C-alpha cells in the first residue's frame, strides 16, 4: 500500500502499473494531501510506502522512528509562472502583472514557499503581496488559474504536463527558489518492508526516472537526465 | 493567538452571520412556496435543493469556481454588475456557503410549514389578516422553533464548513481567510498547539452560543 | 342582505344553495350531522376556494365568475366549530387579534365583551390551559371584537353550560341590534334556536330544505324528531284576524280554531301543527273554560301505546287529530270508538306553518 | 364501584373529591364551564400525574400513595371533549385501534357500533375529512370498541343533532346494561341528562356540590334557569300509588293531584312543579274530561304580562298556583279576583321533586 | 468508469446506508429523550449534539483519528473488543460518519417530537396502548415526514461528506475509499473526465433517489 501525495498520483499510477506487471505484486495507491497523510501515518495508517511532496514530513517521520531506512529523494518539483492564453510569458510579464496572482500557501505547501522565494528573489514580493490569492495546495493554485478566476499564477510544471499545456508559461530558473525536494520513505510499521523498498528502488531506477521527468519533475538521482530536461522543450529566455 | 487569527475569527463570524441571515431570507420563502406546492413537480424541486449535499464540498467548490469564473456566465454577470470577481471575495464566500447550507434550512422549515395548522390561518383570515400579516402573526410564531433550529444548523454548518470556502476563498487574510481554514492548515502542518487552541475556542464558542440559544428557546415556549 | 347562488362539490358531497336572506336578525341553521352546515358557512366566508357561483352581501359582490373577495376583506367574524385559538398567544392577545385588524369598524368594546363572556379571570392565561367552555367563550369574544359586518357562528355555545348560554344569548342579540350585525348561527339545540333566532334554515344533505320563522319550524322539528311525541297537522283557512288580542281565527273542516299568531292574512291556506300531548278530551261542550280551542270530533280509534298512555284518533270531517291521554282517563271516561268528543287545546301550543 | 378520595392542584385551580359512586348505571356530571368536570375525568383515567390520594375501581386500587396504575392498564374508555382522533389513520383504523388492544374483554361488535353510530358511509375516509358531528361519533365508537370496564365520556354528544342523540342514547344505555359497563357522562344538556343518566353529580368550583337522582336535581336546575317561564311549586303528601296505571295520588291543601310517577312511597312529602303555561281555567266542575287534575281554587290576582297573555294567581287553601292564559280568554270568561275557578292540568306535565 | 470507481460506489452506498440506519437507531431514542427532558441540563445536551458541526470535517476527523488510535482509550477499548483498529477500517468510517451527521438527524426529530400532539398519546393510552405500543402506533406515524427528512439529510450528507472519511479512512480502495474521495482525488489530480462522470453520476443518483423518496412521501400523506 502506497500513500502518495496528490500531486504525484498520476505519475505514481503509471509507475505502479508497470511495477505490477513486472513483479506480479499489487500496488494500492491512496492519495491525499501530504499533511493529512502524515497525520494518518502518525496514527497508524496501514501504509507501506509514503511518497511525500516535501522533505519535511519524511524527516519528521524518521525522527519519530516510523521509517525503516532513510528518506530518499525521488523527484524535484518544478515551478512555473503560468498565464493561460498568452503566447509570450517572460519575467517582464511577471513583474508587470497587476491582477490576481494565484499561488499555493507558502506556510503549508512547498510550491507555495518556492513561489514566494521566487518573488522575493526578484524583489517583487512586497509589490505583489496584495494581488496574491492562496490555494491551500498547489492543486488549488492550479485550479484558480485553470478556471480563469485568477489570470495567472505559480503552478507546478507537472500539472501543465498532465494537461498537455504547450505554451503560456514561464519555467522559472531553479536558482530562484530552494529545490522542492520530494522524498519517499518505507514505513517501519509496514508488514511488507522488503516489497516497499523494492518499489522505491524501482521508481528510482533510470527508466522510471525518465517517466518522472517527462511528467514535469526534475529526476532525483541523475543530474545528466536533469540537464536533458532543462533544455528540452524549454521556454526559458 | 495572532492578529491574523483574530481576523479569521472576525471573518468567520461575519460570514456565518451573514450567511445565516441570507439563508433565512432565501430559505423562508422557498420553503413556504415548496410547502404550498401541489404539482408533481415539487419532489423534483425538493430534490434539487437537497442536491448540493451529495457532492463533496471541495468538489462542489470546484464547480462553483468554474461557475464563478469570468469566462462563464454567472461569473461574467457578476463582474459586469460589480466590477469584481466573485471568487476570492467575501461575497463569493457568502454565496457559496448559502448554496451549500440551503438544504439544512429549507427542509426543516418546509416540514414545519407543512405541519402548520391551516385552520389557524383560516381563523386569522376571518379576522381580517391578509397574507403577509398572517405570515408574520401566525406562521412565524408557530414555526419559531424550527426556524431557530434551521438558523442554528445553518450557522454552525457555515462555521465548520471549509471545503467550499477553501475552494472559493483564496485564503486572503481579513477577507476570505476563515477560522476553519486556519484550523485546517494548522492540522495539515502539524502545528497542533494552534490547532488545539483554535478547535477548543471554536467549540467553546459554539457551545456557549448554542446553549444560550436553546435556553432562550425554552424560555420563549413554556 | 345575503344572496347566495352557488354550487360546491367535494368528493361525494355536494352543496347547492340558491337563497336570499334578509339577514336583519339572527338566522339559525339546523340540520343533521354532516348535512353541510359548516360547509355553507365556509363558502359564505370565502374559505372554500372551489365554489362555483355568486355570493353577495349588502350590495357588495363577494364572489362571482370573475371576482373573489378573500376572507380577510369580507369583514366577517367566524366562530369555528373547533375553536382555532392561536396557541402562541395568550387569551388577551387572541382577543386583540381581531380588534387590531378591525379597520376601525364600529363594534363592542374589549371591556364589555370580556366582562359578559366572563373571560376576565383568565385573560392572561395561555389558551392551551383553558377548559373547553372557556376556549369557546374566547373564540366568541375574538370574533365579536373584530367588529364584523356579518357574524358566522358554528355551534358557538355547544360546550357551554346552560347558565352561560342564557347569559350570553341576550348579548348576542344586543350585538345584532346595536351594531346591526346580522348573525348566521348553527346549533343543534332547539331551545337555543328558539331563544336566539328569528329565521330558521333547515338543511338536509347539502340542500336547504326549508326556511321560515323559527318557532314554527322548531315545533315541527321537535315533533318529528322526538319520535315518541305524536302530533297532527291540520289544513286550515284563515277566517279572521283579531288584532286587539293578537289571535287569528282559522277554519278547519268547518270548525273554528284559534292560534296566537298575528301575521296571517285572511283567506290564506295554512297548516296547523298540534302535538298530541297538548290535546285533552272532554265529553261535554263546555264554554266556561280558558281553553279556546274546543273542536267537536268523533273518536275513530284508540290504542294503548305503553303502560300508562293511550293514543286517541279523533276525526273532524275528513281530517284527523291525535290526542295522548293516560290509560286511567281512558277508562274513567269509558272512551269508545264512535263516541262524539270535544278536543281541547290551548291556542298557545299550536304552530301555524 | 368507584371510590375517589383525592386532591389535585393546578395553578389557581383545585379539585377536591371524596366520594364513592355505586356506578351501576349512567352517572351524569354537570356544572358550569371551568368547574373541573374534565379534570375529574382525567384524574380518574390516570391522565393527571400529580394527583394526591386514592382512586380505586371495583376492588382494584388504581392509585394510592404507592401505586399508580397507568391509564393504559386501567381498561377505561375515554371520549375526549376535543375528539383526539388519530389523524394518520382513517376512520376504520381509528375504530380498530381500541378493538385491537381490548385484551379480549367482552364488548360490542364492530359491525353493531358502526351501524348504530351511522359511521358506515365514511368508514374508509380520512378522519381529517369529517364534519364535527361525524368526528364525535367516531370518537364514541373508538372508545366503545375498546371494550372498557369504565366509560368516561366528556360531552360526547355536544356536536350532534337531536335525532342522532336520540338514536345514540338508548344504545349507550344498552352498552351499560348489556356489558355492565358503568358510564360517567359529562354534558350540559339537561334533556340529555334526563334521558340518559340515573345519578347526577353537580360540580362547582372544583368540588362536588350535590349528588342525587337525576330527575330531581334536573328539575330544580331547570326551574331556576328558565327565568321567563313562570311556574309554581306545590308542597304535597303522597296518598296512594296506583300501580296498574302508574299514577300516584297526592294531597295538596286537601285537594287530590295525580302525577304519572310510580316510584313514590305513601306518606312521603314531595314537591310538585307546575308550569303556568300548562294550566287552564274552567269555571265549572266538569268530570267528563280527560284532564285528571282539576283543582278547585280561588282567583286571587290577575294581570296582563304582555300584549296577548295574562298571568293568573290561584289560591288553594294556603298555597298558590300560577296559570298563563290569553287575554282573550280572560275577557271571554270575565275573570275577576275572588271568583272560584277550577285549575286544569294534565298529569304528564308535572314534575315531582 | 473503472473497477475502482465501482468499488467506491459500493463502499459509499454501504457506508451511507449503514450510517443512516445507525443514525436513525441512535438518533430516534436520543431525540425522544431530549424532547421529553425538562431539566435545565437539556440545552447543554442539545448543544453537545450539535457541536461536531462547527469543526471543519478534516479537523474533526483528525481528533477522531487521535481518539481512535490504540494509544487512547476509545481506540483501545475497540481493539480489546474486536482485535482490529478502529481507524482505517470500515467500522471506523461508519462511527465517524454517525458522529458527524448526528445533529442533522437528532435535531429535526427532536423538534418533531416536541410538536407532537400529547393529546393523541393520551388517547392512545386510554385505549390500552403502552409506551412502546404508543411509540410505534402514534409517535412514529405522526413523525414520519420529519423522520424521512432526517434520513434523507443523513444519507445525502454521508454520501457527500469526505473530510472526516478521508481522515479516518485513509482512502484505501475497496475498503474505505468512498465515491466522494474518489471524486475529490479526480479533481485534485486534474482527472476531470472522471470527475465530471462521477459528479454527474452522483447527482443523478441522488436526484432519482430523492425524487423517489419525496414522491413516496407525498403519496403516503395526501
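For clarity, chains are labelled A, B, C, D and E in written order, and residue numbers in each chain start from 1.
In the analysis below, a contact is a pair of C-beta atoms (placed from the backbone, for glycine too) under 8 Å apart; a residue touches a chain by one contact, two chains touch by 3 or more.
Please read all numbers here as calculations on a predicted model, not as lab measurements.
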item: Set of chains adjacent to chain A and to chain C; value: B
item: Any chain in contact with chain C as well as chain E; value: B, D
item: Centre distance in Å when chain B and chain C are each reduced to the mean of their C-alpha atoms; value: 59
item: Centroid spacing, where centroids are CA-atom means, of chain C and chain D in whole angstrom; value: 23
item: Inter-chain centre distance, chain A versus chain B - centres from mean C-alpha coordinates, in Å; value: 36
item: Multi-chain contact sites of chain A, meaning residues that touch two or more partners; value: 36, 39, 143
item: Where chain E touches two or more other chains, by residue; value: 58, 62, 187
item: Numbers and ranges of chain C residues touching at least 2 other chains; value: 82
item: Chains that touch, pairwise; value: A-B, A-E, B-C, B-E, C-D, D-E
item: Chain D-touching residues of chain C, taken from the complex the two chains share; value: 11, 30-34, 38, 81-82, 129-134, 136-137, 154-155, 158-166, 188-190, 221, 225-227, 242, 245-247, 258, 260, 277, 280-284, 286, 288-292, 307-309, 323-330, 332-333, 344, 346-348
item: Chain E - residues contacting chain A, complex; value: 58, 62, 65-66, 68-70, 85, 87-88, 166-167, 170-173, 177, 185, 187-191
item: Chain A residues touching chain B - in the complex, by the definition given at the top; value: 33-36, 38-39, 60, 100, 102, 105, 107-108, 132-136, 140, 143-144, 147-150
item: Residues of chain E that touch chain B when the two form their complex; value: 40, 42-44, 46-48, 50-60, 62-63, 103-104, 107-108, 111-112, 114-115, 145-146, 149, 152-153, 156-157, 159-163, 180-181, 183-184, 187, 195, 199, 202-203, 205-207, 210-211, 213-215, 217-218
item: Complex interface listing, chain C residues touching chain B; value: 45, 47, 70-73, 75-78, 80, 82, 84-89, 97-98, 101-103, 126, 142-143, 146
